[in-house]
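Sharing a structure here in structure tokens format.
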């Protein structure tokens, strides 16, 4: 099952890149996708459950908020970098997370990195270590706004 | 239009290169090289549009992939002093 | 366009000098990685997409990882020179000789470019009769749609055969060198 | 100049502005962890905006599909790479910079 899904994903990726559909190319696509799927299907696709489709839609609904936060974050970085006095007071923050799956933790880590003033340094089991660029952002991380949103997706 | 944007990004590459050469720690250098790679992806895409030959996007895609792998390889060496 | 060209060449020179003068070999490898990124931008700018693609896969990807693999078996930092050189001692005779050789070779190479046709000149010999010849005949003669492939693999077939032999030998040597550390050491 | 050209130009200029900010940040910020903020955020959005601008310019075609793949890949890979560098630096024992002990700049 995992093998077939990996094979189909690789085949779709091949056709997205090549865009040609002659006999030779389709045959070689199938052969190479089989070889690549044989080597990689254990690393790819950790858990397959059809409840995952619902999660994907929830995740897509989460993206606009994330994109808005990214833009805010960048304007803030631009302000910090371009202002002559550099209003920063860096701090390390450590919190706990209730997320279970690896996908959820990855999404949380990347979201923290992309949102204002904070960068993920380490996620070990349920501990997160975050570098915040000012004291206020350290407080934001302790409030766990992002984590609540991702928990709602995972549920 | 595209060459103007490419020039702006290349000026940025000079700044990043300064940090890559001077960088007090090795991690500054890894970060700088990663940034040079990402800027190269953008510049290659822009050059493709400058020549009206946007098939160059294949190279940009390859570079985006290779740059990520290269960064991970550097870090693996620094952390463990070996690659396997 | 010319500004992009100029900036890329300037970047190349700076990266090359920095890569030579770095004491930490890991830094040199990183700078060489970015060197091949920059030179690939230059290839793309000159419309040599195939070369840029090879540079992407080999120059930035594989050779960087191979060099790191070599670095796991050799010391990472360069040795300090035994005695610190005094400024007046900086150029002793052998270095002056090397400098003279480099300058003369460079001057000869640059003087060789004066007779070349201008870049992209439509009336140059290569563009006036050689390229149309290849464009017309390469498909009927070799059966390859890609003209560069036709030139490399058919018209210059023996040359390419030699090249691939060299590359193949190098690959075998690398495999022999690198694979032993799984079994014997560590 | 059609409206699409104007949108393209705005996106490209915004993207190159953010990439320039990332580069200046790499020079001006005092230590590795703060530089990471510039490299991880500003560069990601800058690249994303430039590719979005190129997609708008190109319209709907195979090329823009590829650029969308690059766009998605950037937003996954860039924060991951930043996180990997940060983790390695933290394990390597690099201290964070603060106003009180600014010796590591």
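Note that the chains are named A, B, C and D in the order they appear, and that numbering of residues resets to 1 at the start of each chain.
Note that a contact is a pair of C-beta atoms (placed from the backbone, for glycine too) under 8 Å apart; a residue touches a chain by one contact, two chains touch by 3 or more.
Keep in mind the model is a prediction, meaning the values are calculated, not measured.
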item: Chain occupying the middle, per Cα centroid; value: B
item: Averaged-CA centre spacing for the pair chain D and chain C, given as whole angstrom; value: 29
item: Whole-Å gap separating chain A and chain D, where each centre is the average of the chain's CA atoms; value: 15
item: Distance from the mean Cα position of chain C to that of chain A, given in whole angstrom; value: 37
item: Rounded Å distance between chain B and chain D, as computed from the means of their C-alpha atoms; value: 11
item: Shared-contact residues (touching 2 or more other chains) in chain D; value: 22, 24, 36, 46, 66, 69, 80, 82
item: Two or more partner chains touched - positions in chain B; value: 11, 13-14, 30, 55, 58, 61, 78
item: Multi-partner residues of chain C (at least 2 other chains); value: none
item: Chain contact topology (line, ring, star, complete or other); value: line
item: In contact (per the touch rule at the top): chain pairs; value: A-D, B-C, B-D
item: Complex contacts: residues of chain A adjacent to chain D; value: 16-17, 19, 70-71, 73-74, 77-78, 80-82, 86, 88-92, 106, 109-110, 113-114, 117, 119-122, 129, 131, 133
item: Residue ranges of chain B in contact with chain D within the complex; value: 1-2, 5, 8-9, 11-16, 18-19, 24-25, 27-28, 30-32, 34-35, 38-39, 41-42, 45-46, 49, 54-55, 57-58, 60-61, 64-65, 68, 71-72, 75, 78-79
item: List of chain B residues in touch with chain C within their complex; value: 3, 6-7, 10-11, 13-14, 17, 20-21, 26, 29-30, 33, 36-37, 40, 43-44, 47-48, 50-51, 53, 55-56, 58-59, 62-63, 66-67, 69-70, 73-74, 77-78, 81-84
item: Complex contact set, residues of chain D against chain B; value: 9, 12-13, 15-16, 19-20, 22-24, 26-27, 32, 35-36, 39, 43, 46-47, 50-51, 54, 57-58, 63, 66-67, 69-70, 73-74, 77-78, 80-82, 84-85, 88-89, 91-92, 94, 104-105
item: Residue ranges of chain D in contact with chain A within the complex; value: 17-18, 21-22, 24-25, 28-31, 33-34, 36-38, 40-42, 44-46, 62, 65-66, 69, 75-76, 79-80, 82-83, 86-87, 90, 96-99
